[in-house]
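Have a look at the structure below, then the notes.
Should a chain be cited, it is by its letter among A, B and C, assigned in written order, with residues numbered from 1 in that chain.
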């Protein structure tokens, strides 16, 4: 199966034509560097995304804490991850970088705090 | 039971309420929207007309002149803007010049003082920015500008402070009579009153019919406006245009708040609630406006709005007691010069009510003076610091574009006839009126409203009805 | 506690990424007496609500969220003991650099700095400036305002959403609102190209099957109290709606992502020379404005795409302000004027006063071009040429002119861009 995608590794935005076979990357054309091949492979076989969102905080100087995944998680799990995070209520104080939810949905990726929140 | 119920919280209704609150009379003003001045009173040119335009002998002429004479004192008592800028009716061809001569004569008959015709040179000496295609102008030094919604709000506030009851969000759906007393039904309750003043604007005909009074044909007529940034070039006087072959022209004026206002268009409409601006309307007024004032640049426009005029079948005011329903007073068809006429209409309506049997005993505690909320932006430094010392929230600026403090916003909500919506705060103390149009300050104003009114954030609306801003929490 | 009037060496207006970086750089260049004036309750500027990642790639080699990126500088300011006055609104800046400000604690007070750095950011173009026919219902938000409601207040602006403008803020919000359970029906873009990063097109629109309609705009707003829908239409090469292409899209929310305008009311009040096209101060290579000792940086100077570049630019402003204060800045002569010619929206700096260092110019093109060639002319001759396969208005570009070349210039410098319009 052939597919056209745009590489986002750098501003050049090369138009790649990728060939898949049995869900695996068979070949890539249109790239001008090897980052294009890496991107195509990852996008086709295991697309991953960073997730950023907010979590409720109780007794804090802010009602919401911005959080993110420490590293990208499978794209297919974004919605489920949101549902999981939406159920949380943290207690202030929170430090920047605190693990808010370890190993979310067994991805091996933690959800971490993106800012400090003081106790009210 | 009330002595008088006024239906309609426009400038006329609110000034009538204020007049009545001078007396020991139980008054209630019923308004279907979430605030006063939500109809034409909040979307008009803000001009206090000199009085040369209405037909001699008409009620419009009579009340224009009488109202104009009351404006200086009224605006002083209510502490709202009033500035005698003078007006020029500009003529660009012979047809229009003839119209000017007609207006001059009209004005003389109506009793307008100090009207004169100016030559082209005289016009350009007075207003160098006016188009040099002008050939003649009618000069009326007594024409003035005010802020129509500030006036309405101030009148409502003063009336409420003097004992008038204000009931907002009440739409009248039925009027019956029980033992000679009027029973006015709204969606939330039925109120009884001996007298009714119908000041319902474009709905005056509807109210009349509900009451079984004389039918009152009111034709809605939309007027669109363009408002420009306060840094643009502005004329010193109010610029009108003589009626041309293609119809009435538009005005170009500085507003009471320093913006440039252009408009209105005039288009009959079937839908009383259709206050949408149209591309035809906006092109029409900008083309016409540039005839007078070629410096207009559309890229400097900060907002557009439309008002609906209540034009009566006779094109004159209808101010008279009903014969069919004793105790029902018509105050209908209050289109231009309605704002100017309103103070005089209010006094006249009192005479009518008295003639219909309403006893008017003076209220000793009546205070005609209402002070506006001190605007941090316009105070001298020494006064600013005194205010902040007294109330630190005067030092917390919420609206950057207009330098409006949190204290003013809170006050605008707490006062009698105070704000309950985002637009209500905007019209009282100005956050959202500036360059960023509320981009930065809206969320802060919403939070203050929610806190003051004890409601959740999502319950606060833009201007009542279904105008919710936020749908709910994300989690 | 502020006295009614205080003298300081440096006053920085704005504690967003620009102001913070500028102040830190000034301190590192040995200026002790600094105050940052910030109108919000907390420093960090707009980054507080930019919870998405993409910050710090260049500077730290990390992919941080906006708040994390801001926190680095907030922490550094604290470590360096730089005074930040929050909840403080600057009311005016005068020609002699006097700042009048107000806060709850001190009332109105003045500051007399030796140098000022304007780091006042930018605002969003509102609906009123677009003149879209229709009434004025609730439900119309600029993208940044909606972002604040969602990310700071935890409130949804609506459920059925149309976004006008495919700049990054619009794209980011398309994703954010979808993740929070709203239905984003379409992103409409007036131009034939999107001004947003390709990465955002993929990760904000394609990932969620949100259609992007290029060469489209909103021609009517429906609804009186609350938005009930928009009429979208295609536009022609002159951006005029094409009759017959109108489509009604029912929705309860319209997000506007139609342009950022540098916020320069203070500069205007001080009669600082502004570039009227972009509403930003005219500066030289040291980022100094027409008032000696007043510098500008960040979005107040030019709208940036990358916070990292804001930081780099602001560090320069801070360093140059420090040199000005120390008296070690060279006295500017008439300088070389820099002009933005064909194909360019603006080129910054607008004047080059001194050629003691290379000067890096930043600019934006006015269209999408392929096979682009940037040429610099002076005294009738081509002095520089730079090629790029593809250039778009959505990305700020840079070109460095070496000091040796600047010294040899015989007249003003004029940049222009040629290429194939896509």
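Criterion: a residue touches a chain if its C-beta (ideal position, glycine included) is under 8 Å from a C-beta of that chain, and two chains touch if they have at least 3 such contacts.
Predicted model only: the values in this text are computed from it and were never measured.
Colleague: Which pair wins on C-beta contacts, A-C or B-C?
Modeller: Between the chain pairs A-C and B-C, B-C carries more contacts.
Colleague: Going by CA means, which chain is nearest the middle of everything shown?
Modeller: If one averages C-alpha positions chain by chain, the most central is C.
Colleague: Centroid of subunit A to centroid of subunit B, CA atoms only: how many Å?
Modeller: That pair's centroid distance is 54 Å.
Colleague: Whole-Å distance, subunit A centre to subunit C centre, using C-alpha means?
Modeller: The computed centroid separation for subunit A versus subunit C comes out at 27 Å.
Colleague: Calculate how many whole Å lie between the centre of subunit B and the centre of subunit C, each centre taken as the average of the chain's C-alpha atoms.
Modeller: Centres of subunit B and subunit C (C-alpha means) sit 39 Å apart.
Colleague: Got the subunit B residues that touch at least 2 other chains?
Modeller: 474-475
Colleague: Considering subunit C alone, which of its residues make contact with at least two other chains?
Modeller: 150, 152-154, 180
Colleague: Spell out, as numbers or ranges, the residues of subunit A touching 2 or more other chains.
Modeller: Counting only residues that touch two or more other chains, subunit A contributes 54, 56.
Colleague: If we count contacts the way the header does, which residues on subunit A are in touch with subunit B in the complex?
Modeller: The contact residues of subunit A facing subunit B are 54-56, 86.
Colleague: Which of the residues in subunit C come into contact with subunit B in the complex?
Modeller: Of all residues in subunit C, those touching subunit B are 39, 87, 89, 91, 102-108, 123-124, 126-129, 131, 133-139, 142, 144-145, 148-150, 152-159, 180-181, 219, 221, 224-226, 252, 265, 268.
Colleague: In their complex, what parts of subunit C are in touch with subunit A?
Modeller: 48, 51-53, 63-68, 71, 150-154, 179-180, 197-199, 201-203, 207, 389-390, 395
Colleague: Show me the residue ranges of subunit B that touch subunit C in the complex, using the header's touch definition.
Modeller: For this pair, the touching residues of subunit B are 227, 231, 273-279, 282, 298-299, 301-306, 376, 381, 384-385, 388-389, 392-397, 400-401, 403, 435-440, 442-443, 447, 457-458, 461-475.
Colleague: What part of subunit A is in contact with subunit C in the complex they form?
Modeller: Checking each residue of subunit A against subunit C gives 5-6, 8, 11-13, 49-54, 56, 62-64, 66, 68, 75, 78-79, 82, 96, 114-116.
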